[in-house]
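The same chain A turns up in both complexes below, where it pairs with chain B and then with chain C.
Let's look at the complex of A and B:
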């Protein structure tokens, strides 16, 4: 009896009083679609990516106008994407860490460490005996291990990721210097060299690697339970924990992923430059964070975009290229990069405020 | 509405309008506040109360409408202007700064200084006077605010309002974080303030509180004034609810308990959490609702969280259907069919910017996945079923859950565990922040779940809610169980007496 009474109450759609915007609609519910769509998140994301694409095209336009053929030359375009590939792979891992609400400052020096470890005499000798894949495996394993250490310190040691990975930044660089004796270790394996300097369908191998990593990153972030957990942990760690998600374990996975991409990037860099050095990847953490943030991933976590990160990387790389072609100093370039970051974050804040007030 | 009254209003607001992109927050609000009165603002969530407060506090600028202060047309372009006029606001989310002292908090933004140097001693003396005036001399000016209870922080917030020589103090749901006893103290303070000639604008959706301290009432609905200046004593509760919701509500808890109860589902024996509670034992059968009553801080929420594995138990066992649940692991508890709708829905339960359907499937999305790949269509379908069954409004699975009202957010929390299919549902303050109209629905829902065989353990600060909804009640005082028995055999006074007897003061 009383249930009937309450049912009739709920039948009258009582709680639509929640939102003034839906109030004007006639009482029963099924006509909400149009208004709900505005509050939907996907639309905003696409719009934001479009904005980034427009920004990238504008930079390309400037390049084409100021340097004309030299900019549009196929070799030049390949230079841009080849440069983007290494930092791009690092940024994909960084996107996951930032989406999960953390930061990984160690990626640059972990890259350096992995590049050194993969080119020691011992590793290269073993590569000579077995296969050059040994070097790839070593670099990736070193990166992943460093990432796991980061993850354990952050999640089980309860050290904020900024500090934990900052410590790793210093320590990994130090270890790399010890191993290499501050020297440059040349890659002697021809098979390795041939593979990473080769190309397929006219596109360099390392660019293919970036494409594959980015595509896999997109799938993992948007289409897998791993990605959903990452967003949940970054959006509200306590809610994720109380929903039954093991946030500590997941945090370790996310940092391991970032270490993995840093290790892979180290191998790609070895292919490009042919030398392992403790100075490889210097300040890459800042480039990666800049690309991720400009791409639209929220620095506070809970929302990440792989497409944005890829475009963010391309924006900075193209910008560098345009500056180099026009013989402008790296100082001016740094100034412009700084401005771009601030503008992107300002736009991001406006976006967040709007999303919350609607 | 109100015509020719003897005392000229201190504050009069006419036809206030405020738009936000895509929403009309205020759509014609009129009301006036007289000196020395407690004026209650009543309305459901989303009725425009918060926006109105922010306009009065100078935090939002109205798009149209007039505001008269002491008979003269005024504008409030900034929070500073509001304070200069004499309008001080105590926000719902306590706006005191932990880590600063009580005195520093009270004079934050208008520090007492001479020649750029802070006058600590002066600030402390004045703070002491203010706290004495509020009847709380036990709070020391040099104390860290972080060490105070929610009630203490509220007193600090009120002292800050007084330090601005406020003539009107706006209190936004001050009782939401307080125990019944603390609410009594608060009302005492409000009485003494109005006796001094100050006015209070009191926002609440607890009608019984308004009955106790209010002089006049203004009811808001959908950003409009439905009625203004109603004398509290002459207005019937049913009429107020009707004005707020636009319909009649029977204030019941969804009927009587089930006649037949099933087997024992949840067995808790000797459960303890260091320094919080000890030796908590009880059994709940399928289809039963067990209510935990007690003061805030008595250990009620902690009992639920320990059952759920979110806190490490110091001792004791938890069994579901006779099989022990490993302590200290949420994942294990969830796996064994225990679900929790936490007290702080927003900070502990929801991903506010994520769509409704993802919040509903937060505990189950892995179940819809194949080989780690999400099946969002299946997820959405499961969520949509619940949205329909629970009458979630708006019925849009893709809307960010932040935009839903408290009642609908709570329904989404319940829906999460319905999708999961849990056997034991732990509800911590299931109707906090839920407005009157939606409460009845939540009650019905909880009842229905129990009738379908779910075992429910709930915590509520509102004793009548525990007694109305639960079959069995467990009274907790200072971390120990002081009473256990059927709710039919005890009344509100009985529970209160038990709580008071068992609480060390």
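Let's look at the complex of A and C:
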């Protein structure tokens, strides 16, 4: 394990430019090991997500067969991706934390807190005077700050991330309730509303934001030193430390990144719902973790895939959409959703095994 | 007076209201035209009866869940405001909590207080608090159970409830009136958390009323009483049903999200009926600036009614408008439909979501 991690650390150095740039999926992570790794670069990455793509296509097929025109309608497809956008951005940040071997249970609460803070009377008054960007800045800053606190408690306080972020989950929700007085704070700024509810080239703004965040996330995880270090820390922290990575500082960065995406998602949610509320983001941590893990990121760390996460998020959104189009009860939804998680992971494992053996 | 006529018609139509003592707040007072009263009201005392005269000072304990949403917050506020109006009521309010154990010990503290004349309990979980309520009753302190019922009828002297079935039923009747018997009409429903009994009761009432006019729920989605839940459920619902005639949304808190989804999808071919009766939705009804035409009230004045009944019990009085010598065992509040016509009557006492 240490050998593999060390290998990936060497990849973190500038010499990583030797990697083929035509690669469209994440390159193999350290846990795959072996000399054949380079040979599998093309098929390995695709293979890892192939099971997921098949699962997503199957769900789409069911949707198209059961509700035909309605499902394939452009508006409906946009509804699915709009629904995926907020949780998708949260999941990108979560992918980094999980890849680094941690977990962030606080994303939902932090999202709620950021959405409340960005819509207080004071913030909105300031936004009215200056520009609605103030609201965006507030939301993102609050999210990032919460993430930094998480990171510091985990790295310098040596608290297990499960506990540290669980504490943040409770505390952030409490603070959000105090600030909002448990009320619903409507967004009154028209400029903010116009921007986040608007669309560019027929695609809603928040979907563009999701695309940009996912693309940046992919580049950062697969093409930068930061990404390599994240994988190394998650794969074998001790080896990463010996290789000269400042693990504590890196952990703070990773949690700050997760807080940042939660804050950004809060702003996007304000665009969607038009209201800041302490109940915003309720249980989003579970949705995000489910999407990340179904996507193929190892829950123990050391391997992460942004493409998988994006498909994971899309699978859950499409599933919900197909259920609603067919007017199925929520109990049936819950049952099938559970089954789909298992099937998606099983499919994905099969494809990964096959991709490795070829 | 037409308003009270339709109210009466709705009472007779509603089985649930018939089965119990339906207490229309506007009918209990001897002066029905008082301002700010109404079914969601509270605050107005029934002037004209000797019940309001200051009597022997009584101590009433009050315990409720945490005010974590607008409606629950309004429950406690209404109760406190009513107590403040009476010179002869001392209301001991325990810190609102969603921890059943803490709520049990709060009530145990009330029981140990020798001054305690009555206890008003809005349980977080009716079943879990039944035991301690029985203890209070055995200790000779009458318990007034509000909103969420105990599992043992002996655990409370009086039970004050809202009418979940009636909410659905009255929403359904309103939609029937508007849509008529058009067989092509599409009716959709956005529920709260689907697994809760109260959601099932609301849905049952809604289906029963729609059935009476030959309609049915064509599309149903479940949200979770939150803004985000309302938004995402409705976004999908609007895709599932390209043409809708009427939507009933169970809860006005999540209604903010439901409206956001409707506006995002640029849809306005239907009208919407809300649920619970928030001030926010009532403003939409008043200003006619959205698809919201009506909302069905689930009164947040229930706890205040509980305090009023506790005072009567402790002072050994009865409901002056009834011929009975004793306060009734059960009081079920009515779920009036608030529309443009009568919104002025309800908006002042509505809760801020």
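Here is the rule we go by: the second predicted complex is superposed on the first by the 298 of 358 C-alpha atoms of A that agree within 3 Å, B and C clash if a C-alpha of one lies under 4 Å from a C-alpha of the other, contacts with A are read in each partner's own complex, and residues count from 1 in each chain.
Rule of thumb we're sticking to: a contact is a pair of C-beta atoms (placed from the backbone, for glycine too) under 8 Å apart; a residue touches a chain by one contact, two chains touch by 3 or more.
Everything numeric in this text was worked out from a predicted model, so none of it was measured.
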{"item": "First, second, both or neither for A:231, with chain B first and chain C second", "value": "first"}
{"item": "Partner chain(s) touched by A:190 [first = chain B, second = chain C, both, neither]", "value": "neither"}
{"item": "Partner chain(s) touched by A:240 [first = chain B, second = chain C, both, neither]", "value": "first"}
{"item": "Which superposed partner A:302 touches (first chain B, second chain C, both, neither)", "value": "first"}
{"item": "Which partner, chain B or chain C, touches more chain A residues", "value": "B"}
{"item": "Complex contact set, residues of chain B against chain A", "value": "20-25, 27, 44-48, 221-223, 245, 247, 249-250, 252, 254-255, 308, 310, 330-331, 333-335, 340, 342, 347-355, 358, 362-363, 365-366, 369, 372-374, 391-396, 398-400, 402-408, 411, 416, 435, 437-438, 440-441, 443-444, 447-448"}
{"item": "Complex interface listing, chain A residues touching chain C", "value": "67, 70, 73, 75-76, 79, 82-83, 177, 182-184, 186, 197, 269, 272-275, 277, 279-282, 320-321, 324-327, 329-331"}
{"item": "Chain C - residues contacting chain A, complex", "value": "67-70, 73, 194-195, 218-222, 224-233, 235-240, 242, 253, 256-257, 259-260, 263-265, 280, 352-353"}
{"item": "For the chain A and chain B complex, residues of the former touching the latter", "value": "1-3, 5-7, 9-24, 29-30, 32-33, 35-42, 223-228, 231-232, 235-236, 238-246, 302-303, 354-358"}
